[in-house]
Amino acid sequence: MSDIITVKNLCLWYKSVQALKSVSMTIPEKSITALIGPSGCGKSTFLKTLNRMNDLVPGVKITGEVTYDGTNIFDPGVDVNELRRNVGMVFQKPNPFPMSVYDNVAYGPRTHGITNRVRLDETVEKALRDAAIWDEVKDRLKKNALGLSGGQQQRLCIARALAVKPQVLLMDEPTSALDPISTSRIEELVLQLKENYTIITVTHNMQQAARISDMTAFFLLGELVEFGDTETLFSQPSDKRTEDYITGRFG
Amino acid sequence: MKKRLLENIVHGVFLILGLITVGCVLLITVYLVVSGIPAIREIGLTDFLFGREWEPTGDDPKYGILPFILTSVYGTAGAMVIGVPVGFFTAVFLSKAAGGKLRTAVGSAVDLLAGIPSVIYGLVGMLVLVPAIREIFDVPDGASLLAAIIVLAVMILPNIIKVSITALDAVPKEYEDASLALGATPTETFFRVSVPAAKSGIAAAVALGVGRAIGEAMAVIMVAGNVANMPSLFESVRFLTTAVASEMAYSSPGSLHREALFSIALVLFLFIMLINAALNFFLKRRKGE
Amino acid sequence: MLKGKISARRRAYILTMRVLMWASATLTAGLVLFLFVYILANGLPHVTWELLSTKPSYLEDRIGILPDILNTVYIVLATLVFVLPIGVGAAIYLTEYAKNKRVVGVIEYAAETLSGIPSIIYGLVGMLLFSNNFGTSLLAGALTLVIMNLPTVMRTAQESLKTVPQSYREGAFGLGAGKWRTVRTVVLPGCVDGIITGCILSVGRIIGESAALLFTAGFAHALNGVFEGLTSSGATLTVALYVYAKEEGEFGVAFAIAAILLILTLLINLSATLTGRYFAKRRNI
């Protein structure tokens, strides 16, 4: 497995508050990396830095390097839209656009210039199939996406992200707003997606991290405390704080 | 016991105050219908609505209001053609693209535009727009449908901008984040996600603008020339509103002429009711979203 | 790969939209600036003490707008005296008393309908209802304006009544206060801001109104006290502007009035913003 993202000495401030403290890690291709830690530990901030969604927050200052595909994503020459096309994102709360199922998935490809009807149809169908929701929506492609259930909406959002053919998929607690059945379907889906995509997911659910991830990173107060193979991290944590956290002593 | 009685009386008083609004609507409707119907009866509905000539004081009086209806429709449509795009893009700019200070500054300018009395628009139109149209298009008189259209377009701007901004501001940020995360630029996000998500509210803004344009009298009377011609861009014209406003003072009470003016008001009222219904439809849909 | 720029077509779309946004906003702001400068430049030189403090006289060939200023003040006061109790009362009924959803719906729909009716129609109905019964007079005009402003006052009062916390009402009831006492002592003071805002908005609308007043209040320029004034015909500033510009060609006077009206509009907007801010702050403490 080769590495797809390398993070070096990443620091981030919101105004005068330092939210990330010199974080460094390398993320292997076609794997699932889970980011865990108590709320406010910087795991979501870290995730949003990887596709530069933090750029939108006023008063943010970032130092350090994030190399994706051989390029530092903070280089002035980097096109942030191109970065986000390559590094897709799924949000905590399902957020389909108030449009039809089809238009939701077609939004990305259309934005990036695909207008050919046949190609668009193919792209939409492939994305919906990859997100394991095709069978449920194929008869209601023209219906408003807000009519779907919460779990379906989240899989639709995953399909929407897949439709622009990213290499990396960032997921920000993608199941926290869902019921257990929908959650397990998303988990299955994520495991399938690993075949073709690199997935980085934030989760507050340690069982979930243990169940699905290959690598786990534990954040605390903006610091990356421990990063390694999931099995090792959960069975033999090398840092006392990690052990305290995974055994439920705090957080 | 006494307390109970007081409570009941107070309750009754408030109920009556609440029902005054309903009473006013009924009163206005009844008055307009009752005073508008007789002339239509006498003239004949088709002759009234589709007659192309209005000469109430001639030897052989004619009471056709088609010129007024068409002028009102064309004038409103023209004002929308100019005012809606400008208002729409200004609203998107203020709601999404403009930063704090710029938004406040232009926002209060829009508020000022909304507060300026119609007669001031009429005055400026009379002294700036009308001569300008005469010069630029080399027509004998600049007081024309075009002048009215431009004045109306300016007057509906603040309505369109303010209602659209309210709708655009209400678009959840999550939609916009999702679009940005797919690699769309902010500008693409505003127009392809935020605007579609706010479309009912923007439609309501347009309906409100239509209502204001079709109902405006004073500014139009000052710039449109006020002759009962069939509408044409550089022709002096008379709207439904200005027909009523300009002749009411000269018509003698009880005459068919005055009653016909009430009938014109009734026609205008029906137009407004239609627009209100459209507006309500859009607002309901917005709540439903 | 990340350095690949977005396609020319996308860039063209983005550029077009940005240009349209900037152009529209500039046009809007420019219009306001132009109107402002143009009116003040043409109007302020004509605003003299003589203009403000006298009535028109053909003998002395002089135009004064004092009667129009007074008429405006009278009509504003007369309208508010009627519209405030009715509007606030209706709002109280809707938020505090009404249990039947249908009744609330009907009243709200009626208010919406009223706010959509053009002023020229108010003028006509006002003429039929009021002027034909007790003559063309400021009072007839004021009563017409009462109907016009009813929805505004009702809505702003309603909005602020909704912000009075439910717990205040429960607190008062818990102390054994009756409904009326609760409304009087707890609910009404809580919605002062809405009443003031409604007042300011109405004053703005009354000052700017003309079409509804032409056939109801008339256009005389006689100098009157309050009570004489209310029962006789009189032009407000806006109506006077119309008459001087359209009928008499006195553009200097028209511009002077326009400048005064513009400044009043500005002050009204400013006070609306300031009261809004003041009460928002007070609420947060």
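A, B and C are the chain letters, set down in written order, and residue numbers restart from 1 in every chain.
Note that in this section contacts are C-beta pairs under 8 Å (C-beta built on N, C-alpha and C of every residue); 3 or more make two chains touch, one makes a residue touch a chain.
None of these values were measured; they are calculated from a predicted model.
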{"item": "B-C against A-C, pair bridged by the larger set of C-beta contacts", "value": "B-C"}
{"item": "Farthest-lying chain, centroid of Cα atoms versus that of chain B", "value": "A"}
{"item": "Euclidean distance of C-alpha centroids - chain A vs chain B, Å", "value": "49"}
{"item": "Gap in Å, rounded to a whole number, between the CA centres of chain C and chain B", "value": "17"}
{"item": "Gap in Å, rounded to a whole number, between the CA centres of chain C and chain A", "value": "52"}
{"item": "Where chain C touches two or more other chains at once, by residue number", "value": "6, 10"}
{"item": "Junction residues of chain B, two or more chains touched", "value": "185, 188"}
{"item": "Residue numbers of chain A (touch at least two other chains)", "value": "81-83, 111-112"}
{"item": "Residues on chain A engaged by chain B in the complex (per definition of touch)", "value": "51, 53, 56, 81-85, 88-89, 91, 93, 95-99, 107-108, 111-112, 157, 160-161, 164"}
{"item": "Parts of chain B lying in touch with chain C, wherever the complex brings them together", "value": "3, 6-7, 10-11, 13-15, 17-22, 24-25, 27-28, 31-32, 35, 85-90, 92-94, 97-98, 105-106, 108-113, 115-120, 122-124, 126-128, 154, 157, 161, 185, 187-188, 190-191, 211, 214-218, 221-222, 241, 244-245, 248-249, 262, 265, 268-269, 272-273, 275-276, 279-280"}
{"item": "Contact set on chain C toward chain A in their complex", "value": "1-7, 9-10"}
{"item": "In the complex with chain C, residue positions of chain A that touch it", "value": "68-69, 71, 73, 75, 77-79, 81-83, 86, 111-113"}
{"item": "Chain C to chain B touching residues, read off their complex", "value": "6, 10, 13-14, 17-18, 20-25, 27-29, 31-33, 35-36, 38-39, 85-86, 89-90, 92-94, 96-98, 103, 106-107, 109-114, 116-125, 127-129, 147, 150-151, 154, 178-180, 183, 204, 207-211, 214-215, 238-239, 241-242, 245-246, 251, 254-255, 258, 261-262, 265-266, 268-269, 273"}
